[in-house]
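We call the chains A, B, C and D, going by the order they appear; numbering starts again at 1 in every chain.
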């Protein structure tokens, strides 16, 4: 079987991780090209990963015949344009979230994907590929917890990264778009349903800087889904203990909790602080394997000639929901979908 | 020092427990009288607890000179009337929650209490007297977790008591009044603030019987408090694992969780089910010591000539809030306080 | 029913707690007399607990007709003599551990107890009355974990009390006699068997002062019991996290762990240290309820005219075993019982 | 950089996993040859992993010029002979544990390794490459827990694999050699010291079949190390809950516990059994990443021209210790090293 030849675009923190994963941790795939506008960064990564084809222009990479598929880890504002370009160039496309920065962009991406039914398009909702989330999802779908009653999910970034969060605030789209999108995706995935109403609140509890962007450092929302599942989401930037992504699904027959303690590993420390588990520091540590699994699934889909479970429409839908949450938050009101 | 002589009214499950606590587990107090309409039950309890004065009529008990104080564990509908009568008879009064079944009743109780400034009145919000809640509260008030961001609290009754819950449904006032009142009290106690808005949802996920009373078997609400703390409450009747009362207070500097696993004791079982903790079965097991502590505080207040932290106004306020939550739930809308 | 009138001897830390428990937390018992050589301490405690009969001489207390039973919390060296005197004076006797400081003393105590078959004698192995240990014991005896394979038990005092431990070292009898006796009692109670061999090691890892008494600051032993259960005990004085008493019983069908995290309460703290539980600080905090339960059982036995499960022979047997452990440790060898 | 070309020998359960890891999860390595006497198994694996060079004879594989290094997952009895042959053929060697089935074999392996100072030899003590063990080891070596006092380590296989264990019993060498060797290695690695004495006990608690081989289904030993650390090891075949490998290191300043709950993943289940974590089923699940990491380290050593931390002498030393434990167990006595 020939390996899928992948070109990876963008060498920020997550981009570098994706590139490294493709180079070293993937089956039936090889990293054949890299693209970044920063040539120093590009050469350093390419040298380390043994990649010969190096591009500073996205257009050149997608013209490369030795590339079957691209992995987009470029700035969010470029996603939909690059998705369309890559598909038009005949490349399979894996794009990091968000699909686009406006719902309009997402709709355009849908058209681009629809125009290329023979190509694989996949969006990077990595949590679906985390083994714990998968294990829980299998149980839920098997009916082990009965009918879903309450879905609760938190996304908390550590306080120690707050400077970066503030710097990124003008471009992040706010907490609901930047962070809660993953929880929104999970809520839809676990409940198999869609929101009907949302009430959102929050504020700047520690960092007034976010107010300038009509955002808070911590926000939450309560949604009623069509199947009547209650959905409570919380997103924050000031977690004292680490990177905390936890989810609880309360059903009529059982309850599942995923990562209610964001433990770094299996070590427990007993000292003058008590008995404690140290915590994951960031998304790369927590979702290390999930990032491998999702791109592996992308590769497998290409090889098997099938489409990923996560479609372009999921990307649009999640964006629409996040925008509505954001609007509810800004207007301090209850909104209907 | 003379012991405070207590007459206890009502010998249901909790009433019996209070009577036993007063008889055997209290300092500077003695159980001198019991009252219940069921004479068989009355005699059985009085014999066991060594109580001579036995009454089937509340009015007779409060006429008894050998009674300094009463503990009301009578049906909710009788609370405010009995509070007034007992105070008028010169007795200190400890009343189980709820203060009254309508806000009007609560206001009447306020007047009765105000008319007797020399007598101690206390309402039974026992969670405030649980050692874990007290420990957490001390930390919060000492500023250890910074500014409160999110207060989340659950009250879940085990599914195995569902028949009783359904039978009681016509009189319970619904989940917000029957169960969430404790969480509402905790939210006010921990945040030192009051709600401004509420959105409430829920439904009958397993037991349609509750719909007849405009109630659900599981409900939740999201409230914004005046100090901008987000407050998420969840109450349910279908907990698969046991009696689950848990609370999380997320602050800007730290997070506290109280009883996120409702462990029965310190035993961990490792068997074919995995590694597990068995759970508390009901409120009497979980709050065993808290029920002692709260009445002890009532006794201490009488002896020390001071007023309890939990006032009659807390009772009214919590009822008002619960009624507003209930209204938001019934109207499926956002309400302002 | 008349209350059992108890005289309590010794007002050290544990003695005060017992006195307070008898005064305020016991059924069918009252604290009628106190004894301590320190008159200031005696008056302070007696005033606080409302006790009129105050003695500085043990002999006077046991002559008092208003005393039915005594609780001995006096220095260990006095136990067996006082047990005999109290029994001869017609008093029921509850004695704190150890039964005696030599096996010879224990044998003498056996004779004293045998000479008074109508009186209740009970030894204070409080762990048997801790609700978690009782819960586990019930499961083990019901066969839920199958046949016992390994019994492991730790007794660790916090490092912060090390000065007191060093000061007490000349009189403590060493770790096996002072601390591990509780674990030895538990091992016999849970396995229903007796040791056949023991190998013991340890040393002064942080505090060389214990060496002068042929003791260590941390010691352990491995014993084979007659029913072939493996028994591993560990006792230490340098626990960094708090007062740690934990036990694991591995059976062929299941495993039980009691208090593997010595949690202070149900609060979990999430902060820059990670996710943690704070720990119990000492035996009074950890076994608060067990100390009440054991004396309550003593009282119940008197009332019911039955003998406690913990007999004087248990006291002797545990002492014999502890002395053999100590000898194995001192001789650095394997000993047979 | 050229990739290290690896031939893997033995396609049992672990052999298959190693082969797959080398093929898909390794940096700077490729799987170029496979060897197994079972041709059907060989072809199936080679087809799946895309390996062309297939051998039924070990001698042929090591003659292959396209092989730089071998990974031995063959039967234990063949290890030392194959190690010598492969080294003589100029191949780097990674061997699964045990090094040899007798100490004499181990000594012979030492000579073979010494005869080829230019080649890398590494033994598969995978636990050292588990991220949790590594994290703990770093803390211990940094002095975070002070001086080591007690090292406790368990290796428990699930009861559900008992049939396989019994079938393998004639060849396993017994619990100390087959299972406890990993704990022995960890004890030496964490304490930096060697045993001086050992007392070992155990027996057939559920499965008398092991007695025929002078073995037990559960065994334990207590060792004193030269630096006076107490070392308690337990190995068993009847774990009810899953594959349980846990370690505790008690130091004078802190305590570390690794995997005291052998959790399968981050999912917590709340149901009628209580609150529980499901457990790892076997070593492949628990040490999935460690198996990758150890062979990666082998590859890195070849590339970097350095020797692994785990030497051939560690293999010999661990075997010697395990044999002494076994002898102590068989003779029911205390032995000195």
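One rule holds in what follows: a residue touches a chain if its C-beta (ideal position, glycine included) is under 8 Å from a C-beta of that chain, and two chains touch if they have at least 3 such contacts.
Treat the numbers as computed from the prediction; the structure is a model and nothing was measured.
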item	value
Chain whose mean Cα position lies farthest from subunit B	D
Chain pair, B-D or A-D, that carries the greater number of C-beta contacts	A-D
Length of the line joining the C-alpha centres of subunit B and subunit D, rounded to whole Å	56
Mean-CA-position distance for subunit D and subunit C (Å)	43
Cα-centroid distance, subunit A relative to subunit D, in whole angstrom	37
For subunit B, residues contacting two or more additional chains	145, 240-241, 253-255, 260, 263-264, 269-271
Subunit B to subunit C touching residues, read off their complex	1, 23-27, 50, 131-132, 135-136, 139, 145, 253-260, 263-271
Touch list for subunit A against partner subunit C, complex	239-242, 244, 261-264, 269-279
Residues on subunit C engaged by subunit D in the complex (per definition of touch)	145-147, 149-150, 159, 197, 199, 201-203, 205-206, 218, 220-222, 224, 228, 230, 232, 234, 236, 238-241, 250-255, 260, 332-334
